[in-house]
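Both complexes below contain chain A, partnered by chain B and then by chain C.
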Partner chain A sequence: MTILQLDDLTVRIGAAQPVDGVNLSIAASEMLGIVGESGSGKSLTMKSVLRLLPDAAKVSGRMLWQGRDLAALSEADMRRVRGREIAMIFQEPMTALNPVLTVGLQITESLAAHLDMRGAAASRRAVELLDLVGIPDAKRRLGSYPHEFSGGMRQRVMIAISLAAGPKLLLADEPTTALDVTIQDQILKLLLRLRDELAMAVILVTHDLGVVAGTCDRVAVMYAGRIMEAGSVEAIFTRPSHAYTLGLLRSLPGSQHARQRLDGIAGMPPAPGALPPGCRFAPRCGFVAEACQTAIPPLVAVAPDQQSACLRADDVRVERVAA
Partner chain B sequence: MSDVLASPAVARAPRRRLSVRASTVAGLLILALFLACAFAPDLIAPYSPTTFDFRSLLKPPSAAHLFGTDNFGRDILSRTIWAARIDLEIAVFSTVFAAVFGTFAGCVIGYVGGWPDAIFRRIVDVFITIPFIVLVIAIVAVLGPGLNNMYIAIGAVNWIIYARLMRAEIQSQARLDYAAAGRVMGYGAVRIVFRHLLPNAISPIVVYWMTDMALAILLGSSLGYLGLGAQPPTAEWGVLIADGKNFMTTAWWMSIFPGIAIVLAGTGFSLLGDGLAGWLRRR
Partner chain C sequence: MTALLRVDDLTRGFPVRRGLMDSLRGRPVRVVRALAGVTLSVNRGETLAVVGESGCGKSTLARALVRLIALDGGQIDYDGQDVRALSGEALRRYNRRVQMVFQDPYGSLNPRMTVGETLAEALRVHRMVPPDGVAARVAELLSLVRLPANAAGRMPHEFSGGQRQRIAIARSLSVEPELLIADEIVSALDVSVQAQILNLLLDMQERLGLAMLFVSHDLRVVRHLAHQVAVMYLGRVVENGPAERVFAAPRHPYTQALLRAAPTLVPGRRGTESALRGELPSPMQRVDGCPFHPRCPAAFDRCRAEMPRMHVANGHGAICHLLDEV
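Moving on, here comes the complex of A and B:
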């Protein structure tokens, strides 16, 4: 069952269009990965779902959340959605916690604001939440300040706070980028476990394909504000059908023999104000054809569990099999 | 799975010890001395501050009158001690409105931004073109001399400084992730500003407030000296200095000792402010 569906979501900032016609859906208890380079519009997409962008950013399109269009909600209704129905965690757990309040207070504040739960009941629930995210000795740590926790522990605290009101969707904006690899693994496993235990959908924004491969059910690949390819993780990794996805997979270390140079993608992503007229990836693409440079290719189904916006999808697939 | 999730037990960080520097202690001691004078001058002062004694006019410091006597035979030590009550009152009363209202206004202006901010910036521009003391003197001159009017005048001008400080601090705090996290949690603007941003933004205000109290004593004394603040025969350090100005060459003790009291009180507030600043920064 689809709980969130984005239809033609577009963000305009001045003349630039950093998010351009994104169509995306996520089902209950699903883990969806969004991958892309810096500046591809992943975080902006997440923020526009919660309507957190400054007024200068004009958002258009529909954002259907359990049948309601988030774009049409009043600010008061939107506030009830934030935190209570859709929660979000950030890249930097170091700065996303309030440094002068104890973590206990920050959790109980959310309980009071959303569930009207206070006093002993709230404290008990806070301990449960810290337990749930795997913080040892939770009861004693309620009185600790954020600076008394390590980075990984802070991200756990952040997750506990965002879970307090029982959201149905968690937007995780590069939650592990600032953490080292072993901690990253713990946090991702935690997110997976929470997804299973709480039947909560998770959108995991990352630039790390390896993270997606290990955790997500489905993945959407973004480039210069558009979705290039979307589908099940299995389909995308075994049968990539977009030249950009293929390029990303090839630039992963470990996909070739040892001690070989990595195949990067030549060139730079286009600036949001100076986009090519056709496919956004055309200027850097090895498969580029004339048609690619004139019109933006639509996102079309190339398999039951896969959509691609590449005119040369078939050739890309052949190339992958040949490699 | 659970063994992967279980993380190494984190030893509870030892509670911060409240280490205080010697200069802070000195500031506290000085202020404690003046506070004692302010709360119980009748117990500390050896003489009445207002009783004339025409047998001992303009006597230099001696065992009987440690700070000497003035042209009416009043004991300078006693008058300086009684003046502490008025001057500390000036320090607190002329800053408390400015600090509280200015902080509040700065929070709102800094978080809301837009046209309130534009108007506020114009007000600031106007006020900083006119010297602070000139503005205060002008307002007191209109309202009439006296302590209450002086409080009103200082408060009416001084809140702008606090608001400006707070506005900048709130603006920089509002850009940090935890403010965004508050919005993500669906918290309202009031909760975000006053519960999350304000405690993080308050330390410069607290430190400035300490400095400002020292400045207020100086300003109060200046206005007292000019006859716009406390009125004689009330003992106030500025008034005492003004009383002594005609006898500066013959009875230096009349102005020097109240002057030293002003310097000491100012130093006390400044040292405490420094100490607080350091302590707040370490947190």
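Moving on, here comes the complex of A and C:
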């Protein structure tokens, strides 16, 4: 069952269009990855769902959340969705947490704001939440300040706060990017466990294809504000159907033999104010055809569990990723 | 294969600033042991990758090798010279032969100098070419790192992160070094740009016979580039050896956990069991016995009491008590 559906979501900032006609849906309890390089619009897409963008950013399109269009909600109604139904965590837990308040206070604050839960009941719930995210000695740690936690533990605290109101969807924006690999592994496994235990959907925004492969059910690949390809993780990693996805996978060390040249992508992504007229990837694409340079290819099904916005999808699909 | 650089038992501690109350109470100054006896070597024309998580001492090691950080003890031997004893002209020569490239290409280029000036400065300081040959050499360096010739007249801020890293690499190559010390130089880059820089490094190594000490936390990158690997944990090398062997058959439980934790491109659900429990202990805390034992899934009594020794077989070494058994 689809809980969130984005229809033609577009963000304009001045002349630039950093998010450009995004169509995307996520089902209940699903783990969806959004992967892309810097400037691809993945974080902006998440922020526009929660309407966290500044006024200068003009958002259009529909964002259907359990049947209601978030774009059309009043600010008061939106506030009831934000944090309570859809929560968000960020890359840098140190800047997202308040450094002068104890962790306990920050969780109980959230419980009071969303659930009107206070006093002993809130404290009990706060301990439960810290316990749930795997913070040892939870009761004692309620009195600790963010700086007394390591980076991994801070991200756990952040997750505990985001879970306070029992959201049905968690937006996780590069939650493990600042962490060491063994700690990243712990946090990803925590997200998987929470998804199972709480039947909560998660959108995991990341630049790391490896994180997606091991964690997500489905994935959407973004480039220059658009979704290039979407589908099951299985399909996209074994049979990428967009020239950009293929290029990304081939850019990764490990796709070729050790010390062999990586068959990556030439050039650089376009500036958001100077997009090419057709497919955004055409100027860097090794598969480019004339039609790619005139109109933007639509996202169409190429397999039962895979959609691609590549006119050369058939030719890309027969390519092998690894040497 | 002969070793170009050999370091033996390097140590370096950093005193931790005491609070006022601590100094009034006369508490001793605590010391973080960033390097607790590092031994390794880099062969001519080869890449040694130093891997480890934050706080393992890998960046301190890199900086100590180019003498940006003084050492408390140990020996650095570069091509037969005692590096820690170098001074004057000999030190300048060492500084030319061993070049460093940093993670942040925004911080390591002078924002007020054009790219051409930056490259020319390095050429002049080390008198690499006669004054009338500088411009031609700058153009040559730019084409070597595949930047357009007109880049020389532009300022660093006009370039993207990947291009700036190319400029930093061009500057380090301008003085024809034999050893490049690279500290997380592709970590801040997007994968498509990262691939371009990795290709460039492989290309440079092949064409110039460059040796590299490549510091990284990214095991995928390391596996791709390295001939030899040294895995660091809390200021020590816990495992080292030829890259193929370390990756195919890691001998230290920490290396095994790192490899399990590293994301792979194979789609499929992970188990819910983490590769490694716990977190890095505070480096100020003294751990008796093996420094890894508080997190080690295989720790036994001896690990808590006694520091394990290095076991080497076929050039592949690890410090772990488990290897005594076999």
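In the analysis below, the second predicted complex is superposed on the first by the 320 of 323 C-alpha atoms of A that agree within 3 Å, B and C clash if a C-alpha of one lies under 4 Å from a C-alpha of the other, contacts with A are read in each partner's own complex, and residues count from 1 in each chain.
Just so we're on the same page, contacts are C-beta pairs under 8 Å (C-beta built on N, C-alpha and C of every residue); 3 or more make two chains touch, one makes a residue touch a chain.
Because the structure is predicted, anything quoted here is derived from the model rather than measured.
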Original post:
With the two structures laid over each other on chain A, which partner does A:Arg62 touch: chain B (first), chain C (second), both, or neither?
Top reply: neither
Original post:
If you stack the two complexes on chain A, which partner ends up touching A:Ala113: first (chain B), second (chain C), both, or neither?
Top reply: first
Original post:
So, A:Lys189: does it touch chain B (first), chain C (second), both, or neither?
Top reply: both
Original post:
First (chain B), second (chain C), both or neither: which does A:Gly152 touch?
Top reply: both
Original post:
Touch check for A:Leu50: first (chain B), second (chain C), both, or neither?
Top reply: first
**OP:** Answer with first, second, both or neither: which of chain B and chain C does A:Phe90 touch in the superposed model?
**Re:** first
Original post:
Once the shared chain is lined up, is A:Arg12 touching chain B (first), chain C (second), both, or neither of them?
Top reply: neither
**OP:** Look at A:Arg125 in the shared chain and tell me whether it touches chain B only, chain C only, both, or neither; answer first, second, both or neither.
**Re:** neither
Subject >> Intersection of the chain A residues that touch chain B with those that touch chain C >> reply: 150, 152-153, 185-186, 189, 193
Original post:
For chain B, which residues are in contact with chain A within the complex?
Top reply: 1, 4-10, 12-13, 176-178, 180-188, 191, 195-196, 199-200, 283
**OP:** Write out the stretch or stretches of chain A touching chain B in their complex.
**Re:** 50, 52, 79-84, 87-88, 90, 92, 95-101, 109-110, 113-114, 134-137, 140-141, 144, 148-150, 152-153, 158, 161-162, 165, 185-186, 189-190, 193
Original post:
Across the complex, what residues on chain C touch chain A?
Top reply: 53-54, 160, 162, 190-196, 198-199, 202-203, 217, 219-221, 223-225, 243-244, 257-258, 260-277, 279-280
Subject >> Touching residues on chain A, where the partner in the complex is chain C >> reply: 37-38, 150, 152-153, 180-186, 188-189, 192-193, 196, 207-211, 213-215, 233-234, 236-238, 247-256, 258-262, 264-266, 268
